[in-house]
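Sharing a structure, written as structure tokens. Questions coming.
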Amino acid sequence: MSYLVAKGMTGGYGHVDILHDCTIAVDKGKIAVIVGPNGAGKSTAMKAVFGMLNIHTGSVTLDGEDITKLSPQDRVAKGMAFVPQTNNVFPSMSVEQNLEMGAFLRRDDINATMEEVYSLFPILKQKRRQNAGELSGGQRQQVAVGRALMTKPKLLMLDEPTAGVSPIVMDELFDLIIDVARTGLSILMVEQNARQALNIADTGYVLVQGRNRFTDTGQALMNDPEVRKSFLGG
Amino acid sequence: MSALRNISYFTVMAVLIVLVGQFQSWNLALSILNLCLISAIMALGVNMQWGYAGLFNVGVMGFAAMGGLAAMLISVPPVREAWSAGGVGVLVGLCVLVITLFAAVYTYTKMKANPLRMVLIIIISVAGYALMRSILDPATTAIEKVNPASTGYLGGLGLPILFAWPVGGVLAGAAAWVVGKITLGLRADYLAIATLGISEIIVAMLKNEDWMTRGVKNVVGLPRPVPYEINLQRTDWFIELAAKLNTDPVTFSSVFVKLSYAALFTVVLLIVLYLSEKALRSPWGRMMRAIRDNEVSANAMGKNVTARHLQVFVMGSVVVGIAGAMLTTLDGQLTPSSYQPLRFTFLIWVMVIVGGSGNNWGAVLGGFVIWFFWIEAEPMGIWLMNALTSQMDAGSALKAHLLDSAQHMRLMTMGLILLLTLRFSPRGLLPERTGRQ
Amino acid sequence: MEILNAFALLSNFVLVPAIAYGSQLALGALGVTLVFGILRFSNFAHGDTMAFGTMVTILFTWWFQSMGINLGPLPTALLALPLGIFFCAVYVLISDRLVYRFYRSKRADPVIYLIASVGVMFVTNGVVRFIIGPDDQNFSDGERFIIRAREFKEMTGLSEGISIKVSQGITFVTMIIVVAALFWFLNKTRSGKSMRAYSDNEDLALLSGINPDRVVAITWILAAALATIAGTLYGLDKSFKPFTYFQLLLPIFAAAIVGGLGNPLGAIAGGFIIAFSEIMITYAYKRFAAYLHPGDWVPEGLLQLLSTDYKFAVSFLILLLVLLVRPNGIFRGTGT
């Protein structure tokens, strides 16, 4: 039974539809990845799942509950967490304060959660008093993900988490993402680096011009000659 | 359609002024008309800065004051005794100031950025300033001692006052260039504060540098471009004309003088309006509006946005300077304390926004409408307050307080008009004409 | 002995007044910088907001005085201050609801907010002058001096005395208390941290579930409080006249910009920089130089860099200098 089902999404930012009958699903504790060429609507699909975009047709269901009409803040309360591609930390606040802000809506003791995040991302514990804006790109991404984890979400959505980082850092980040998934979280990820992303994906969605083009397990897509020719450079 | 609307608005204005003439007095109506014309020109200048380039200039009054200063400096005869007492000192002192500024700027541009450069600039500035003061101070004191009751200042060039109008524009433009060079390219807020600051400084200089402007003692009796009433009353053809029109020469003389001013001002207004419209419709004007609407794209296309903004800023200030010179000419005297920086500036802004920002005719209409309302608001407000308080006892303190306060309501009402227009009708009475019509 | 006299002179005419004035400017600049950092516009109406808050405080002070309530050696105005803050807060919240909220929902250009704030400024100015009139108002009472010049001279045997007025002392102490409270609020409380987050990254703050309306309301309340306190202290120290508060706009904004618009620490630093500069540059150092020079030599002329008529020109020149050299201010503001 899928944890998240976004079915037949059609909509856009204004009068023009960007997504056409797009369907994304994530199983509990699994990693789903959305890849595709530039302008395919990958980030748009994710924003639609999160409610930052109005879809006039289609539905989004979380753990069986229809959340299509909910605002992004309300979806956070239901267990979604979203890490934007850019501007995803509070630069003039410390790492620790960033994490505190992530847990803003929680009224209970957040120390346990914070320790969990520190154990997942040890470098953050080291730099917890430093301002997030002063960290390197890769470390900032870790703060961004850590911030999202503070609400103890059931579904973590990442918009191009490795954009603009060096290959070594990218590998590191992917490893961390796998670690996060192992704690039982479902992960939905949009990625530009298709090959590495599909490598760790349980399910892969290839979007072209706002439509589903290929849907299969990560491994299957990696081995599919058509997919390889179009998006993975052979 | 829009032409019809334009004409109807202006016709209504004309009718209102005529009504004032009928029911109050023709003198009053013509005074209002003259100030409307001047306000309209100032609004045109501000509209250039706001409508073409989106610049919020809060220092309009300062640039108008520069124009007024020019009017005085050009037309008043020089005071020979003052010049011999301290003229040389003043000139040398000002030269020192200019040289110091050049030296500082030169050092800044030619040296690499390091602490030594800052130190050098500070030394140059301080030394230059001290030197200037040591030369200037004794000179200005000497000048101010020359007959302080009637002169006590250097006087002017003694040229016809009409020359002062373009010169006023040039002076204002120069000041605008300096301010703009420093503050354009930064946020709108910084420009606003900086323009506010420069206008306050300009007005303070007018009020305090007695050797130049007589300060708060004012320079009265500026020469006129139109005849004096007293002279008219003694001229034969005038007396005959008055008799033919069935009025007495005294009232008619003042009406005639005001009409002459109105004619002069209208000519200037038409010239400025014509040039502004031509500029707006030219490729240059289109480029300016393109920059205003999307600065980022314009920058990406290689247009030097700051340079263009500077152009517009200076041009608008030149127009305001000309209007300032005209205002002082009309007053016949330079009264530094009459320049209350924010109040008059604010009125011009209401004119531009209510009239229609980005539309030259709108600025003119706004000038007329708002000035008319501003002047008529006082008698109307007092009348209204009297009507409202007529039921109260004659000796009531509250009544006295309310009647007293009627005059303060004008500014507040202007504030409300600005807020309401900005919110509910931001394009103003005569909206900007976009391409799709 | 003469050096001590020289410094006593300087303390009396420069140091003490500058500390008081700097505290007032710092509080004013804090209000401006908060609104800029969180609501992202320059509030030109802040000066007249100060006038409004002070006006309410004055009215309540007069009422208290008429009822015989006083605070002993301290000014009664301190008792009326909370009421002044309350009504000022209500006023700014109403003005936000009527004017600025619309532009927030439209994501209007910052210039529009600026123009609107000028409109609000004139309306507020009119309201204040309508209620209390345009004239000078005196509302201070209680002891005037903490230490008089005469007492100082007796205590130390110097020929120059230092006098410290009660209003100056209160100004400084109040400033310290308010600044400490503000920093505690912004750094240690949930609401304060949410405001900093909102100022830092608005979209992310909304994503984190921070309620924007609440942040806006708290900002305005803090701004009103700071404005009322600054205005009342200034009025106690000098006098209350509606027009003066508009004139304070330039030094207050200069202070905020110099320190870095949006940075509270910068506002405080900027306030003192501007205050000290204004007073030091317009002070006549004639007697000071005479004290320092051995013998009976007295310098010709006042040794005054700039006449006091140009006091505000000092703030303006410093502002221009900062804009030229380091536009983001000393402490790097949040300027977008």
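Which chain is which? They are A, B and C, in the order written, and residues in each are numbered from 1.
Everything that follows uses one rule, which is that a contact is a pair of C-beta atoms (placed from the backbone, for glycine too) under 8 Å apart; a residue touches a chain by one contact, two chains touch by 3 or more.
Model, not experiment: these values are computed from the prediction.
Asker: Average the C-alpha coordinates of each chain, average all protein C-alpha coordinates together, and give the chain whose average is closest to the overall one.
Answerer: C
Asker: From the centre of chain C, which other chain's Cα mean sits the farthest off?
Answerer: If we average the C-alpha coordinates per chain, A ends up farthest from chain C.
Asker: In whole angstrom, what separates the CA-based centres of chain A and chain B?
Answerer: 58
Asker: List the centre-to-centre spacing of chain B and chain C in whole Å, with centres computed as mean CA coordinates.
Answerer: Taking the mean C-alpha position of each chain, the two centres sit 31 Å apart.
Asker: From the mean C-alpha coordinate of chain A to that of chain C, what's the distance rounded to whole Å?
Answerer: Distance between chain centres, rounded to whole Å: 47 Å.
Asker: Sort out for me which residues of chain C touch chain B in the complex.
Answerer: Interface residues on the chain C side: 36, 41-42, 44, 99, 102, 110-112, 114-116, 118-123, 125-127, 129-130, 133-134, 246, 249-250, 253-254, 257, 261, 301, 305, 307, 309-310, 312-313, 315-316, 319-320, 323-324, 327, 335.
Asker: Show which residues of chain C lie in contact with chain A when the two form their complex.
Answerer: Contacts found on chain C: 190, 193-194, 196-197, 200-201, 203-210, 334.
Asker: Flag every residue of chain A that touches chain C in the complex, lowest number first.
Answerer: Going by the criterion above, the answer is residues 72-73, 76-77, 82, 84, 87-93, 97, 100-102, 104-105, 147.
Asker: Which stretch or stretches of chain B touch chain C in the complex?
Answerer: Its residues touching chain C are 54, 56, 58, 129, 137, 182-183, 186-190, 192-194, 196-198, 200-201, 204, 207-208, 342, 346, 349, 353, 401, 404-405, 408-409, 411-416, 418-419, 422-423.
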